[in-house]
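Both of the next two complexes hold subunit A, though its partner changes from subunit B to subunit C.
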Partner chain A sequence: MAITSIKNLKEFSTNNDRFEGAHTLCPGCAHSMIVRELMNCTDDNLVISSNTGCLEVSTAVYPFTSWDTSWIHIGFENAATSVTAAQVMHKVRKKKGTLKDNDAPVKFVAFGGDGSTFDIGFQWLSGAMERGHDFTYICLDNENYANTGGQRSSATPVGAHTSTAQAGTHSYGKKQKKKDIVSIMAAHGSPYVAQLAPNKWKSMAKGFQKALEVEGPCFINTVSPCCTEWKFDPKDTINLTDLATDSLMFPIYEIIDSHELNILYRPKNPIKVEEYMAAQGRYKHLFKPQYRHVIDMVQKDIDDKWDLLQRREEARL
Partner chain B sequence: MSVESQDLNLCANDNRGQLQLGAGAGLVGWDEVTQGIVLTSFNGDATGIANKKAEERTYSEFNSYTASVASWRVNKPVFNRDICIDCQNCWVWCPDSSILSRDKQMLGIDYDHCKGCEVCVEVCPTNPKSLLMFNEHADLDESLAAWPEKKKKEKK
Partner chain C sequence: MAVKFDLNEREVWDGNYAASQALRQADVDVVVAYPITPSTPIVENYGAYVGNGYIDGEFVMVESEHAAMSGCIGASAAGGRVSTATSSQGFALMAEVLYQASGMRLPIVLNVVNRALASPLNVRGDHADMYLGRDSGWIQMGAFNAQEAYDLALCAFKVAENHSVRLPVMVHQDGFITSHTAQNVYPLTDEKAKAFVGEFVPVDDMLDFSRPVTYGAQTEEDWHFEHKAKQHKALMDSRTVIDDVFAEFKELTGREYKRVETYDMEDADVVIIGLGTTVETARVAAKNMREKGVKAGVVAIRCFRPFPYDEVREALEGAKAIAVTDRSSPGGAMGAFYNEVAAAMYTSKSRPMVTGFVYGLGGRDFSIEEAERIFAEQQAHADAGHITTDIQQFSGLRGPHLGFFKTARG
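Right after this comes the complex of A and B.
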């Protein structure tokens, strides 16, 4: 595969963008930072599909497309289905020798939001993983249904205020814990799953390259801070991602062949989740005395999870 | 400070940012959409597009590259070449593909596609910053003349 150099940012920046401006994502949206990185880490032809969501509606404002690659959108739940169908077609035509350029390398990638990945497209994604197609699925995890006004999803963390899990006098926001999508995908026997973040651009580019290179169904959950629904200033998207990875709210790690777990970022001085929460409006209510216990609960979950990840890394299981 | 790096058509293809996207201008209603239409991103052969710079490509009228979101901005980032160290932080994190870098050098900003989010300013590591926000209508030369001095480290 035509990997592009990610040795340092200067070399990385010699890539020519294949994701164009004048899409209509909010200023400061992390979705497009992540998409640009994926598209810049390879020179191979790309066939990309998107589930319905902010990325899809904003990059296909009829009659415009922001994609310099083949791109397909069908419905909310079936980015995995449509891109794997294209992948099978490509395989068959390659065998028959009916492609325009039979030797040109092509990679198949699906993008879905957390709503479509964790909830509504879950069984379609699971099916595609089980069938074992050679493709990469990337979830843009902004922890809510952003495109329809910020409803809670099974990726929304405990204590966050959303339009359908509201904070108030008797409610601290979402009660349920976030689904562990990375473990679920690893349990499908995937050769490569990871959780990556755009502030750590190098580990993200490396992870993307690995997923594109490895044969079989790969899954990557990416943290995608949403200034509109998380309620922070658009200029702080990367600053906030730093808080997310330094508080270990979003640990950065990969799992190879369902068991070989590698932690890809170890903050020297992990910060308290409180600091991460204080930077966002969606957690504002937790700083009232009656909801203090929720912050402590989240902190404990983070500590336990970090402990578990480190133990799994060591034990290789 | 060279004026070229503030060139509004820097590294631009002929048809960059032709149509101002805003308030539905240039867009069609839901009932006017041609069903099953294939929108091609380029005119003619798109082979090897990853190895072509924007200014060498033949974007089709359907490519959002040919549209502009300049009207979204209230403030704009201004680039000061004299301080820049070409670290490319701004390039990797710009959400709107609006940092124009060529051959490892940061050259300037694509003002047709920049939305003024200020992320590039935040991630710029130089002191003073090589990118700063100014009012959309500010004169570029005046902005550069008003550039702040190097900030001393605050004692803690």
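Right after this comes the complex of A and C.
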């Protein structure tokens, strides 16, 4: 694979990329940072598919497109299927010699939000992972159905307010725990799965490159803070991501061949989740006396999960 | 290079096997599929051809029919020849993505082995799935036997991939009656078949990176209407391409296909118009009726979409009483096929009497005697000079007679 090595952020921002800036994502949305990073980390040709969601509706509104590479969107659920079938067609045409450029390396990447990845497209993703196609699936996890106005998904964390898991006098918001999508994908026997964050852009680029390089179905969950639905100032996206990774709400780690777990970022001084929550409007009700216990509950869950991750890393199981 | 597959001049194939041989001869690059009775053998056979080196393509078994059509779309946009097969519930699960395939103008060929839609669950043939596809923007062709399932599948690729069409095509055959009944089939040699179908020439190829393409963009009220109107025009314009492909096929094989087929129609007073295997039953019944002095004829729809209104009107102009046969539960209306034919005949000079029969649901056999009864009833309308029954009746149904809708005509 032709790897683009990026030394600093300035170089990164001026790199000749294949994702045009003229999209309609919200100011401060992390989606575009993550997509640009993927597309800048390789010189290989790219076939990109997207599930329906914020990224899709903001980047291909006729007669415009932000994609200066091959791109396809079918429905809410099937980006994993469309891109892997395109990959199969590439294999056949390469063998038959019917490609325009038969030797140029091509990578196949699917993007989905957490709604399409954790919920409605879960079966399509699982099927594509099981079939073992050589592709990379990247989930842009903003923990809600942001495109349709902020409904709960199975990625929404406990205690968050959403329009379909409302906080009020009788409810603290979402009651159910977030689905552990990374473990589920690792359990498919994937050669490479990871959870990455755009504030740790070097480890993100490295993770993307590993996923593109390794043969087989790879999955990466990326945290993509949503200023619109999480309710924070658009200028604070990366600051908020720092709080997410430093509170260990979003631990950064990879799992190779479904067992070799490596933690990629260890905050020197982990912060309390309370600090992360206080920076967002979606958790503000938790600071009322009757719901304080939810913050403690979430903190305990984070501590337990971090402990588990460290034990898995040590045990290599 | 694929291993040579030996074929006899005459083979004994069922409709499923016939369709799968067409897929092999057309050198389909990728089949993305999910099994469902009664269409399963079509894709199983393609998988067997791949497994034994008879074709240089790839067979992808996915986890649902929705994924099967989603995969067909992705593979087709990647610039190669794509096909699959399905039936009934699988077709219904595909419904969302059928519209995407036609909207993106992808030349996918879908073999539909017609089967009833649940509930109650039923694996036998009726046309509920075919009707479900009628607004999806696909071309829909109907085969009445195994030979036609083979012939039309070859024609389908040529129509779909014509650069002035670029639309997906369904080739329908009746579940079990055609799909599982072994009949004589005269295949083309591989060389002739390949030359007829031709090389696949991609348009807007996702794997041509010198010219990046965006598939599946969004359009709202500013552009959506223009796109859909253009798509409809392409579907309407495909009529001449279908005619041309059928003419070329006749030259090659001597077998003639028309978008509307007519049998014993030169002087017919009473007519059954039908779809699928029903046509062959009605043809036998028409011959029997003619022996009894009834001028009976049969009209068959080869091309359900784009619907051949003009050709139907021309075929039926001059007839006195027409029975339209709908093999799908009408769901609170006249049958969909009845409505098409009635609309066509409203534009005719003679405005003949048109009544509808719902029949054969869930694979209930449609017998020659039943078709003769329908002809006799049409003759009674013709003799009386007006429709003597309800407009909608049920044929072959047990229990009390069911009839709906009246006419205000004399």
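Convention: the second predicted complex is superposed on the first by the 308 of 317 C-alpha atoms of A that agree within 3 Å, B and C clash if a C-alpha of one lies under 4 Å from a C-alpha of the other, contacts with A are read in each partner's own complex, and residues count from 1 in each chain.
The definition used in the following text is that a contact is a pair of C-beta atoms (placed from the backbone, for glycine too) under 8 Å apart; a residue touches a chain by one contact, two chains touch by 3 or more.
Quick caveat, the model's predicted, so the values are computed rather than measured.
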Exercise. For the overlay on subunit A, clash or fit between subunit B and subunit C?
Worked result: clash
Exercise. If you stack the two complexes on chain A, which partner ends up touching A:126: first (subunit B), second (subunit C), both, or neither?
Worked result: second
For this session: Using the superposition on chain A described above, determine whether A:65 touches subunit B (first), subunit C (second), both, or neither.
Result: both
For this session: Identify the partner contact of A:17: answer first if only subunit B is touched, second if only subunit C is, both if each is, neither if none is.
Result: first
Exercise. Now for A:25: first (subunit B), second (subunit C), both, or neither, which partner does it touch?
Worked result: first
For this session: Give one of first, second, both or neither to describe whether A:315 is in contact with subunit B, with subunit C, with both, or with none.
Result: neither
For this session: Please indicate which partner A:101 is in contact with in the superposed arrangement: first for subunit B, second for subunit C, both, or neither.
Result: both
Problem set entry | Selected from 81-89, 189-197 or 225-233: the stretch of subunit C that, after superposition, runs into subunit B | 225-233
Seminar exercise, completed: Residues on subunit A touched by both subunit B and subunit C 18, 61-63, 65, 67-69, 101, 104
Exercise. Inside the complex, what are the residues of subunit A that reach subunit B?
Worked result: 2, 9-25, 27-33, 36-37, 42-44, 59, 61-69, 101, 104, 198, 201, 234-239
Exercise. Which residues of subunit B touch subunit A in their complex?
Worked result: 17, 21, 27-28, 33, 37, 39, 41-42, 46-47, 49-54, 61-69, 72, 86-89, 91-98, 101, 103-104, 110, 112-119, 121-123
Problem set entry | Residues of subunit C that touch subunit A when the two form their complex | 29-30, 32, 56-58, 60-64, 66-67, 70-80, 82, 96-97, 100, 200, 205-210, 212-220, 223, 227
For this session: Give every residue of subunit A touching subunit C within the complex, in rising order.
Result: 18, 45, 47, 49, 56-57, 60-63, 65, 67-75, 77-78, 81-86, 88-93, 95-96, 98-101, 104, 106, 123-124, 126-127, 130-131
